[in-house]
Amino acid sequence: MIRGLLRFTLGRESEMLKVDNLESGYRPMQVLWGLNLEVKKGSITSLLGPNGAGKSTTLKTVFGSVLPWNGKILYEGMDITELPTHSKVEKGIVLVPEGRHLFPNMTVKENLIMGAYSEEAAKRQVESFELVYSLFPVLKERTKQRASSLSGGEQQMVAIGRALMVRPKIMMLDEPSQGLAPRLVIQVFEAIERMRGEIGLSVLFVEQNVETSLDISDYVYIMHEGSIKAEGTPKEIRALTDIREAYLGV
Amino acid sequence: DALAQAPDKIIIGGPISFSGKLAKEGEQGLRGTQAAVKWINEVYGGVKIGGKKVPIEYKYYDDESKRELTTSYIERAITVDKVHAVMSPYSSPLVLAGAPVAEKYGVVYINHGGASDRIHEQGFKYAVQCYVPGSRYHVGALDMFKKLDPKLKRLAFVYEDDEFARSVARGAKAHAEKLGYTIVFDRFYPKGATDLTPILSDLSATKPDIILGGGHFSDTQLLGKQIADLGIDVKAINLVVGPALPAYGETLGKLAEGIMGPAHWERGAKFSPDVAKKTGMKWIGPTQEEYRKLFKDVSKGVEPDYHGASAASGVFALVLSIEDANSIQSDKVRYALGKLKFMSVYGIWDVDDDTGLQIGHSSIDLQWQGGKKVIVWPEEAATAKPCYPRPTIKDIIAGKTCK
Amino acid sequence: MISVGKSVNSQQSIVNIKKYFPLLPVYGIYLLLFLIGIIYPEMWSVVTLLAFYCALGQAFNIFLGMTGYVDFGYVAFLGLGAYGMALGIDVSHQTGLNIGIIFIGIILGLLMATLLSLVVGAVALRLRGAYFAIATIGVNEGFRYLIEGAKLWGGSEGLIYFRQLNEAMGREKTNVIVTFWADVFVLVIAAISAFITLYYMRSKIGYALTALREDEDAAKVMGINVTKYKILAFITSASMAGMLGATSWGLKYTHVFPADVFEIHYTVEGIVIILLGGAGTLLGPAAGGLLYGLSKYWLGAMFPGIQLLIFAPIILIIIVAFPEGIVGTMKKKIKGTVLERYIA
Amino acid sequence: MALLKLENVTKRFGGLVAVDKMSLEIKEGEFIGIVGPNGSGKTTLYNVISGVYFPENGSIIFEGSDITKLPPYRRAHLGIGRTFQIPRPFSSATVRENVAVGAMFGRLSVNVEESLETADYYIGLVGLKAHRDKISGALTPTEKKLIEIARALAMKPKLLLLDEVMAGMHPESIEKMIRLLKEVSEEEKIAIVSMVEHIMRAVIGFAKRVIVMYRGAKLVDAPAQEALNDPRVIEVYLGKGIRDA
Amino acid sequence: MLLQQLSGNLTQGLILGAIYGMATMGLNLIFGVMKIVNVGHGAFIMLGTFVSFAIFTYLGLTPIVAIPLAFIVGFALGSLFFYFIIGKLTNAPELNSLLATFAIGMLIEEVTKFIFGSEWRGFTWDVGRVTLPFTVLPITKIYAFIISILVVIALYLWLRMTRSGTALRAVVEDKEGARVCGINVDRMYALSFSIGIGLTVMSGVILTFFISVGLNPYMGGAYTLRAFVIAVLGGLGSPLGAFFGGVIFGLVENGSYTLLSLIPGIEPFSLTRFVTFFILLIILLVRPTGLLGVK
C-alpha cells in the first residue's frame, strides 16, 4: 500500500524506464501481449520466467532490434517507442545481447573503443576505460588479445565492458551468466552490483539463475507467455511460493 | 498462275540486335533495311508482281544479340508474320544459328550480316550473302601496298581470335604469299581483350613495315590507340571493321590519321546509275546522296555505314528477284537470286547460284586523312590518293596530317 | 485384423503415388507447351524459347537450388555438351548410322559434361560460398581460353556441321530434327530434370542436401557424407546440362564457337530464372522459365530496343514482392490448403 | 572393454594448445559430466571425438577400433552423436525435418517415412510437439537446444555428447531433461552420455563421474561429489564451494 | 631481348593491375559488409567511363575533373538503389540481392544505351609519353597508376583511422554487436553500398586513363568477370586484398604472354587468360579464402 503510494507520487522522478502495454513479436507470430514494467533509477530489476516466455523479446523490443507493434516505451518520461537503436544508445540505453556479439577479429581494446562510438561517449573514452578496467582488471591484461580467443567469461566481461563504454544510464543484460563457469558467474553478478553501486547505473536483466538474481535484485518481474504474471521485491517474490513454483520451478 | 498468287504486299522481317554486344551493328542493319524499304515503297512504287505493284512491309524484333531469341524470332517472323523472306541478324554466329530455321520452312534467307565463308559451305539452300566473304577482305589492301611500294616485304598480322577474323587472316596470308611478302608476325588476341599491350610490344619487336589485323569495332579502336601509346611506327596499318566506321575517327581523333581499312561500302562510293549503265548492269535504288538522306531520315540522324548498305542491297536483291521470278514462291525467288546480278548504292551484287556465297561484290579500302574517311582503293573508286607511308606517331600527335 | 493390415498396405502405396503429385503441375506445363506448339505452329517459336529457359532452370536447380552452392561456371557443362554433339556428329556422320549419330552426340555431350563435373567437383567443391562460385567462373573461362589458345577442336573457329548432318541424314530429316526434335528433346530434358528433382527432394538425398545447404559441419556430424551428396547433385545437374547443351545448342544451331557456348551470361540467366521462380522448389524453375522467357519474347517483339529497360524494373519489383521467388512465396501462402499437395 | 578411449590426444590452434595430451577412458553405461573453466577445451574435446577436428597427436578408439582418422559422418554411423554448444539446426527446415535427418543418417540409417516417425517420437519426448512444423530458425535459442537434443537422440547413438544443452534452460526443465536423458539412455541402450555443463545442479543431478578440464588437460577425474569438492576445482572453476554456486 | 619484353610487359601489367585492383575495391567493400555479390559491377564501371567521356568530349575538360564527379554520381546512384531496392532485401535470402544487382546492372546499361546509343565511344586524351628502356608509357597511364594507389591508401586510411570506417569494420564483424554500440547499421549498409558504387564508377574514369576507347553500354561484362576473380584472389571482403589481387592479375596476364609466346603452335594471348584462371584455382586450393581473406 505504502509502496504503491510512493510509486504514485515519486514515480515521475525516479522512473528510468517504463514499458506500457507493449506488444511485439516476429511476424506473423505475436510474442508480447500487453507487457507492463518499469525500472527505477539506480535500481537492479530482474525479469524472470520460463523458456520462451518472451524475456529476450522484451529486451530486444525495448532496445529496438525487434520493432514494437503496439504500446509505449517511456524513458525518463520521454516516448522512445519509435526511436531507432542507435538513437537509444545515444540516449543512454544499452543492451548486452544474448550471445555477446563481440567483434571477433578485433582486439579487446578495439572492442571497447567501439563501445564509445557515439560522440558523447567518445569524449569520455579515457574515463570510461578506467572504469571498465577497474571493474574488470583481467581485461587490462588482455587488451591486445583478439576477442575470439578469449574464454567465455572473459568475453562476457568484454561485452559488459563494451556496453559500459557507451556511458549508459540503463543497461539491459540478456542472461549474462549463461555458459559461464560458476566462478565467473559470481564475478559477473558482483560486477553488476558494483556498477549500480559505484556509478549508479540502472540495470534490467534476464536470468535463469533465480537464486542469485533474487539476491542482487531490488525488484523482480515474473513473466509468462508474453506478459507479466507477478512482480515485487525479492522478499515478496520469495514469499509467493505458488507463483515461484509455477513460473520459476523453485 | 502468278496473278492469282500475287499478294497484297511483300512481307520481310526477322530479328536484329538492338541490345547487347551487337547492338551498334544491328541498328545499322535495321536502318539500312528500313531505308531500302522506304525507297521501294515511296520512290520505286512497290514491287512489280503479277502485273501489279505491291508495297513491302518490314517486321523486326530485337534479339538482344542472343541465339535463343534469334531462332525464335525467325520462326515467329515465318509463322506469325508470314514473311516472304527472312532478313538475317548481324554476325556470322547468329546468321548460322538462324539459317536452319529458314531452311525448315523453305524461306529465302537474306544474309546481310554474316561474312564467314563457311556459312555458305553448309548447304543451306535458301541463304544468300551480301557481304564480301571474309577471306577476300584484305586482298585489295595487299594489292594496293604491292603497287605503292613493291620493295616492301615485312608484314605483321594481328587479328582477333574468332571465326571471322581468322578467315580474313587466312585469305590475307594466302594472297600475301602469292605476292611474295614475308609474314614476320602472326598472332591473334582473344575476343573481348581490353588491353593489347603485350601482343603489340611483341609485334613491335619484329619491326614490320605493314600491320594488317582487326576483327570487330572495339578491338580495332584499341589497336589504333595502343599502337600510338607504344609508339609503333610502321608504313601502313590496315584493319578490318573499325576504320570503316565513322565513329573510328571520332573516338581516336588524330590517332586515326593514316589508318586504313576495308569496307563493303562507303559514303561517296562511285556507284551510280551512270556507272551501272557503262558496265551494262541493272541499277536499282537511290543514289549515294539519296540513300544517305533516306538513312538519316529513318535513323534520326545516324550516319550510314556499310552494315546498313549491305542490308539495303539485300532488300534490293530480293525485290529484283521477285520481279524476275514474278512470284513469291521461295524456290523461284531463290533461283532468281542466283541468276541476279545488279548494281545499287552498295555496289555490285552477285551470288553463287548454288551456295549463295557473295562473289560479285568487292570491298574497297578506306583511309582516315585529315580527320575524314576517303576511299583510296581500288583506284577506279578512289576519292583520294593513299597517304603512304603513314606519318610517324610523333608527327601525328604534333598535328601532322596526310593532307 | 487382416483387413486392417491390407488397408494399411494400400494406404502406403497411395502415399507413395501422392509423393509424386507435385510433378503434375510441372508436367502439365510442359505438356501444354508442347501441345500449344503442335496445334498452333505459329506458337512453336515461343515454345522453343520457353523450353530452353525452363530446362536450363530445372537442370541448374538440381544443384543450385538444392545445395545452395552457386556454380557460376555452370554454362561450361552446356558448352561441353554442345561440343559433345559437335564432335559426335563430326566423327560419326559417315558411319551410315543415320539419326543414330544424334544419340551418339547426346551421349557424348552427357559424358563430357559429367567428366568435367567430376573433375571440377572434386577440386572446387572444397571451397565455400562465393569462393566456390568464382572458382567455377575460373574453370569456365579457363576452359574457353584453353580451347582457343591451344586450338582444341577447331579453336576459336569452332565447329560447323550442318553439312555433315545433311550428309548423314538427308535434307528433310535434318531440317526436322534441327528445328523440331531438338526442341522436343529440350522439353524432355526439362521433364527428366524435374523428375530427378522431386525424386531427390522426397528421398534421403533431399534431406541431406537441405542439411548441408544450411550447415555443412553440423550435417557431417549428423552422419551425412556431405561430399558424396554434394557431388551427386553436382554431377546430376551437370549431366542434365550436358544433354541440354548437346540438344539445345549443339543440335539446334549446328555450330559451336567457344566464345558463345562458354558465355557466362547463360549462368546468370539460369540463376535469375531459378530465383524468380523460387530456388529449391520443383515448380519454381518452370515458373521462372516461363516468366523470364515470355517477358523476353513479348517485350522484345512489342518494344524492340527498349524491352530490357522495361524488363529490369519488372525483375526488381518481383524480387521485392516475392522475396522467395514466385513459387517459394506461393508455397507459404497455400500451406495447409489442398493445393499444398501439388506444389513442391 | 571401454566404449571410448582417448590416448594422448592433442589439438592445437596455432600456438594455442586447446586439448593437451588428453587420455580418457569411458566405459559403457556411464553418465559423465565434463566441467572446467571457460576455454579449458571441453568443446574442442567434443569436436575431436566427433571428428569436426582431427587431432595433431594421439588416437581415438571407439569400441576397439581406431577412428582417429575417420570423417565425422562415419563416426556418426558408428554411433557417436552430439549437440552443439551454440545450436546449429538446419534453419530453413522444420523441426520435424531436422530431427528426421538425425534418424535418417545416424547409426541405423533408416528410410524417410520411418525417420519422420522416429522424429515425431523424439519431438514429443523433448516437448517440442507444438513447434513440430515450424521453421526451426524461428525458435528461441533454448528451443533450438531442444531440437539439437532430439536430433542427436534420433541418431540412436551409443555415445551421446551433450554440450551445454541446459544453459539458459529453466530450472524445472533442467530437472525434466535430466530425467528424460536417463530414461532414454536406459531404454535405448545409449551406452553413455557425456555432458558438458556449467550449471552445477545439472551436473550433480546427472553425472556419476565428473572430469574437470583445465587448460586443455584433465585436472581431476573422480566421482561427482569428490571431484567437485576438490580444492583445485574450487580454486580454478567453482570459486566457492558447490553449494554456494 | 626476351628480358626486355618481359620487363616491358610486367611494367604495363603492374599499372593495369593497379587499375584492376582499384576497380575491384568497390565490389569487395560491398561484399564485405553486406555479402552482396554485385553482378552489375561492370555496368557501373561502364558508367564511369561514360562520365569521363562526357566530361572530355562534351565539356572539353580534363578527365581528371571526372574523378570526383564520378564518385559523386556513383555515390548518389548507390544511395538511390540502396534506398529503393537493396535496403529492402537485407532480410531476404542472400541470392536475391544478386538478382537485384543483375537487374540494376541491366537498367544502367539500358538507360545508358537510351541516352548515348549503342555506338562504340572513345576519346583521345594525350598528354605525352615517357620512354623507358623497355617500354613506352603514356603519361595518362602513369596518372592512372598514381591515382589508383592514392585511392587505395585513402580507402585504407578511411577504414582504419576514421570513425565511420571503424564502424563499418564493426558491422562487418558483427551486426548485432555494432547495433548495441550505437552504430546505425542501416546507415552503414547504405554508406558502404554508396561508397562501393562510388568507387566503382570512379574506377571507370581511371580506366579511361589507361584505355580510352571501346566504350559501349555493354562493355562492363568483361570487367565484372575480372573483378570477381580478382576479389576472390585477394580475399573477399578485404579491399586491400582486392588491390593486391588486381596487381597479381595484371602482372600474370601481361607477364605470362612473353613466356607463352615461346611455345610454338599455340595462341599465347588466349592462353594468358587460361594461365590467370589456372593460377586462381591453384591459389584457392592452397588458400581457400584468397590471399588476404579471413575465414
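Which chain is which? They are A, B, C, D and E, in the order written, and residues in each are numbered from 1.
Methods note: a residue touches a chain if its C-beta (ideal position, glycine included) is under 8 Å from a C-beta of that chain, and two chains touch if they have at least 3 such contacts.
None of the values given here were measured: they were computed from a predicted structure.
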{"item": "If a chain touches chain A and chain D alike, it appears here", "value": "none"}
{"item": "Far-end chain from chain D, centres as C-alpha averages", "value": "B"}
{"item": "Inter-chain centre distance, chain C versus chain E - centres from mean C-alpha coordinates, in Å", "value": "32"}
{"item": "Distance from the mean Cα position of chain D to that of chain C, given in whole angstrom", "value": "42"}
{"item": "Approximate Å spacing (C-alpha centroids) for the pair chain A, chain B", "value": "77"}
{"item": "Per-residue overlap in chain A, given as positions that touch at least 2 other chains", "value": "99"}
{"item": "Multi-partner residues of chain D (at least 2 other chains)", "value": "none"}
{"item": "Multi-partner residues of chain E (each touching 2 or more other chains)", "value": "110, 221, 267-270, 273"}
{"item": "Touching pairs - complete list by chain label", "value": "A-D, A-E, B-C, B-E, C-D, C-E"}
{"item": "Residue ranges of chain E touching chain C (in the complex, touch as defined)", "value": "31, 37, 39, 85, 88-89, 92-93, 95-96, 98-100, 102-104, 106-107, 109-111, 114, 221, 225, 228-229, 231-232, 236, 265-271, 273-274, 277-278, 280-281, 284-285, 288-290, 293"}
{"item": "Chain C to chain B touching residues, read off their complex", "value": "41-46, 48-49, 52-53, 145, 148-149, 155-158, 160, 162-163, 166, 171, 174-176, 178-180, 249, 252-255, 257, 259-260, 296-297, 300-301, 304-305, 307-308"}
{"item": "Interface residues, chain A side, partner chain E - complex", "value": "63, 65, 84-86, 89-90, 94-97, 99-106, 113-115, 117-118, 121-122, 162-163, 166"}
{"item": "Of all residues in chain A, those that touch chain D in their complex", "value": "26, 29, 50-52, 56, 98-99, 149-155, 175, 178-187, 208, 210, 248-250"}
{"item": "List of chain B residues in touch with chain E within their complex", "value": "18-21, 23-24, 26-27, 161, 187-190, 192-195, 197-199, 201-202, 205, 217-219, 221-222, 224-226, 229-231, 247, 250-255, 302, 397"}
